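Order of writing sets the chain letters: A, B, C and D. Residues in each chain are counted from 1.
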């Protein structure tokens, strides 16, 4: 994908900096006639919103979305509907504290893009990280809510499955738990343990990494565009483009490397109407094309680089220095990456749904219209 | 990326089926004036070529490349040079044995794309896997050789670092060993052990997965195109698009999830001319942009799905069946994925080199002209 | 180009409907470090703004632009500068009169896209033409102002050269006149005659077409991306995408068809530092690549379709009807297309400047920074 | 569009030089299951082939096409069918005479891209014009033949409607005449007059320009992708990308500028099943979207620049010189542009057919499968 745009037929372009007046996204290529209200978008944004527990940044942003174009309603449309023209969504920034920025202006924060942006562009909006701030992901979540509406019968959910070195027990996996703890974790026991773990790290000026698993159910067989637009390749690109992500895997992922061919290849059996698979090491994708099984994707988020522990760095003048990154930071940025991962999954799938029916004339879609 | 094309400014499009008359690639957007001979391409193709040991398929393909366009030579050019127009490269298939294809025509091979292609397209060239065959990667390697010429001072190397459950000992890591064993392995001891391991699997009609590590040295800081065209996102897409790949990671990758912020963020010190990093957990990429350190990318290849052990499957008529995939198959497709991974790294970097200087006017390039 | 995005390296995406809350554009891929203030954009927008004479619509829109992202200023930047991240520009709609829309809701206006949008999307924002309104061109002009800043030494100007059947006399051509009459016409005598002509049409409930000529001076030889991204092809696409445009030509254009080879091909002579051309039938483009001469492009704008004269049409229920399109309409939409044509020229050139130096590493640019 | 690729969903990439070993095209994104044989492509190529009368170049090229990939046939497919994978088509060059190229190596031919390619790339394959030769259009015609198969019920035809200053009489217009004269002219009387006119020019070492009209019938309402991917904008880009084309118009085109709104806007009436238009000044396109009427597009081809009359030019060392371009050249390149224009129309429409059904899920297509 290119620059600040993602997707081919269902495309979106994001803009905005952490401490600018607003951020937003333009969704282009959306099918017409899809029901879309601000509330449908807001409910997803609210899940990503900061300040909801002590485990996320205390920045207070309502993240209220406005629909500026692309939706129309009159007495005949049964509520607001997309028109097929660009959908412009805007979120105003309200809690950019005025402060002294000289620390991050003059020193490069380890683990951040400060140094690389300076090397690339020769100029940098350092306030709150500017364009590299995770606030950009609010725009993805907003766009993802539109994609969900398009996908209709597809269900997309995600869970934190590892925090620091602590993985969940898949035996406890229960989607209903995801909304019951501050970690979006499907394993209630793991969540309870993580609370102590993360609190300890936070108080000591440290932070934790995480792994998120995203699952899409209801995707029909046939979506994906070989060779270089494989569903798996687009998912890898989508997830790796999220702030702080360093790894992506599909299905058995890296574990597949340790398996034998006898163990790995999912065997098939004849079903009533169509074949089914006896296992899902493939994560729902074969040859870059969906096989009808759940699409399973995991990605790793590195620990927050903005920590209170002093770190060695250099100034923009190439002189040794120490830095302590104060401010309101998530002790585990992986937590709020959960709804972002869901959004990226939805955005990739919506694009492939349209590309598939464009090339083949086959619908493949389960149906339109969430709710 | 889209369909069978990869890249933005430095772009390539591949075509061809396993048992068709030929396969090839069109490289578009290549800078003019770059030295390019068939030999420069052939030496990379020869590394990927089948039949070089008992650990790869016994199909005999010389994989001889022809340059059909885009290169010009006269008495003033000091050898053949690219002209900036499309470079068409073609490789003829010579060893497509005529045989009875009814087995793979009528049954879906587990772990293969047979079923998904049928679901997507309703028609399938089943001979040798058609378009889904790993023969397509020969075209990538040919294109990658062109990209290497463009990249000049950048060195790209790869090693198999895990076969089945057996990882290398990084203490033994020596690039010079990669050319000394049939596994492209930088750890001579590991390679010796793998030989027995893989031979045993092969004889029992089974196969092994693998992990490949690709390293690019000499990439200047500043390459990469945030937000959705991050260098890391494009590498993830590039590697995940290779046949049988199920996972990709950059730098510390999934291990980063288990680290704390104190452990993970690479600290910086002032160097003589520019800063340097005290570690490389970032794998040379921060915020999607190169930081001057080596770019480090690993990807997992699942075990070969074509094995002699009988597997459960279904027929195209949705009836239960068993299948044994005879033929000449690699017991570990990860081995020949090593030069393919190098090629994809080169192709991503060449594209970003051009995109960087396009947007910023900064060269960033170390220099042109390998050799 | 695709949907609502134009350009490859220097790209922009527009959004917004005529009677929505706002319209805007996201400019992506802009080089960093370019001086950019709202005033630099506003001065171009003010030329396109409605309501400046009796010859344009009386809708009152200040068209005040806000820069929402992509520009940064601190004590070291010498004013606001682009950062290389997306530049989001927004213009609020202020004069959308509440009115009864039932006429254009239920009947298709001849010459408008009402019918085709209904056929394509099955839903239509009919208020003021929705997305098909020429208000969208304000976003192009805003983006074009950014492109002008990037282009530095390139001068882009345009003139109305024909209104209805009345062409200008090129013997009177004087760029200084363009700002002196309400028609952006370089021929003062023609402008005087057109005033009467257009006033007569307007009063009789009719309208006029026009031809605009856009000229870019200072473009170095070498810009353009053959074969399908020819500078001429991209200009043709750019101009034809403007509302109501039905024809585009480069240099001698359609007249070239009537010339012989002896008459048409521009001969060359050796200059002090480089060759020059004895004529410019090529309009500055040969083989899709700029030759250093002025780029000359003309396009035809059809007469305004919204007129007070009753016309035959059908209802959305496919019943015969008459329609009179009331409202505040330009009697000659070609007039305000003049700054739009300039903007599209700037946008195409900025993209090709970046693409050229991306592929070739040659600057080709005259220099950065207008003013 | 970008570089050597055209299209979004139905895409093609061409390669090859005039005097290289071959030229070709890769068609990507083609729907699966379409009947496609070499003969279906060859019949279109044969219409463009050189050497068929004294009015075209005497270069002897059979232009025999080979299908190298993307088509499959077995006992169940009822002939060869596309598989949805890339279709690689190749045409070998057979009549590249070995000759002394020093004249075109050292001097720039007026009206050609010699100078601009040198300025852009710094290197140039001057043999027969290299990549800038009109031989590239053979690849377009081959790709266009595939597009025609996809378009099914759409009929695409073209006629030369002007040679030099001599226009046809539309009163004589008869599609059946196009195959009856060497000019692809629908007016038999005009064709007879042109024969003398062109013969005179040819003998005097001169050449003629031309205008071609392309008409597509059977296109349903709804194709086209506003705003920047308008059907009209893509047609303009497509036609302007053809060698020697300097102007493009849709429907009334430049004449629309001279009409009033009362005259120009096509009025509508209720038909039995859907509305119809009383005229077609729009050329079948409103707001960039097809309206169900015939798509009408005209483009101007400049006179052949390679003529036997001596012209003033410069050497590559910037010294004055004269040049006479010997060789086998078409006295009117517009003639063989007729099948090329048809091909580009087909290619644009096939892309928009797929894009339309991708976004909207509406078929819009009349049906598959020519013949």
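The rule is simple: a contact is a pair of C-beta atoms (placed from the backbone, for glycine too) under 8 Å apart; a residue touches a chain by one contact, two chains touch by 3 or more.
Values in this document were obtained by computation on a predicted structure and should not be read as measured data.
By number of C-beta pairs in contact, A-C leads when A-C and A-D are compared.
When chain centres are set by their Cα atoms, the one at the greatest distance from subunit A is D. The distance from the centre of subunit A to the centre of subunit C, each centre being the mean of the chain's C-alpha atoms, comes to 38 Å.
Mean C-alpha positions place subunit C and subunit D at a centre distance of 27 Å. The geometric centre of subunit A is 45 Å away from that of subunit D, both derived from CA atoms. In subunit B, 2-5, 8, 14, 29, 32, 84-85, 120-122, 131, 226, 360 are the positions where the chain touches two or more neighbouring chains simultaneously. Of all residues in subunit D, only 1-6, 8, 14, 108, 110-113, 115-117, 119-122, 131-132, 136, 162, 164-165, 201, 206-211, 220-230, 232-241, 245-254, 256-271, 273-275, 278, 281-283, 285-292, 300-307, 309, 311-315, 318-320, 334, 356, 360, 362 touch subunit C in the complex they form. Taken in their complex, subunit D has these residues touching subunit A: 8-9, 29-32, 84-85, 226, 354-355, 357-361, 363, 365.
Every residue of subunit D that touches subunit B in the complex is listed here, in rising order: 2-5, 11, 13-17, 20-24, 26, 28-29, 32-33, 66, 68-70, 72, 74, 77, 81-88, 105, 120-125, 130-131.
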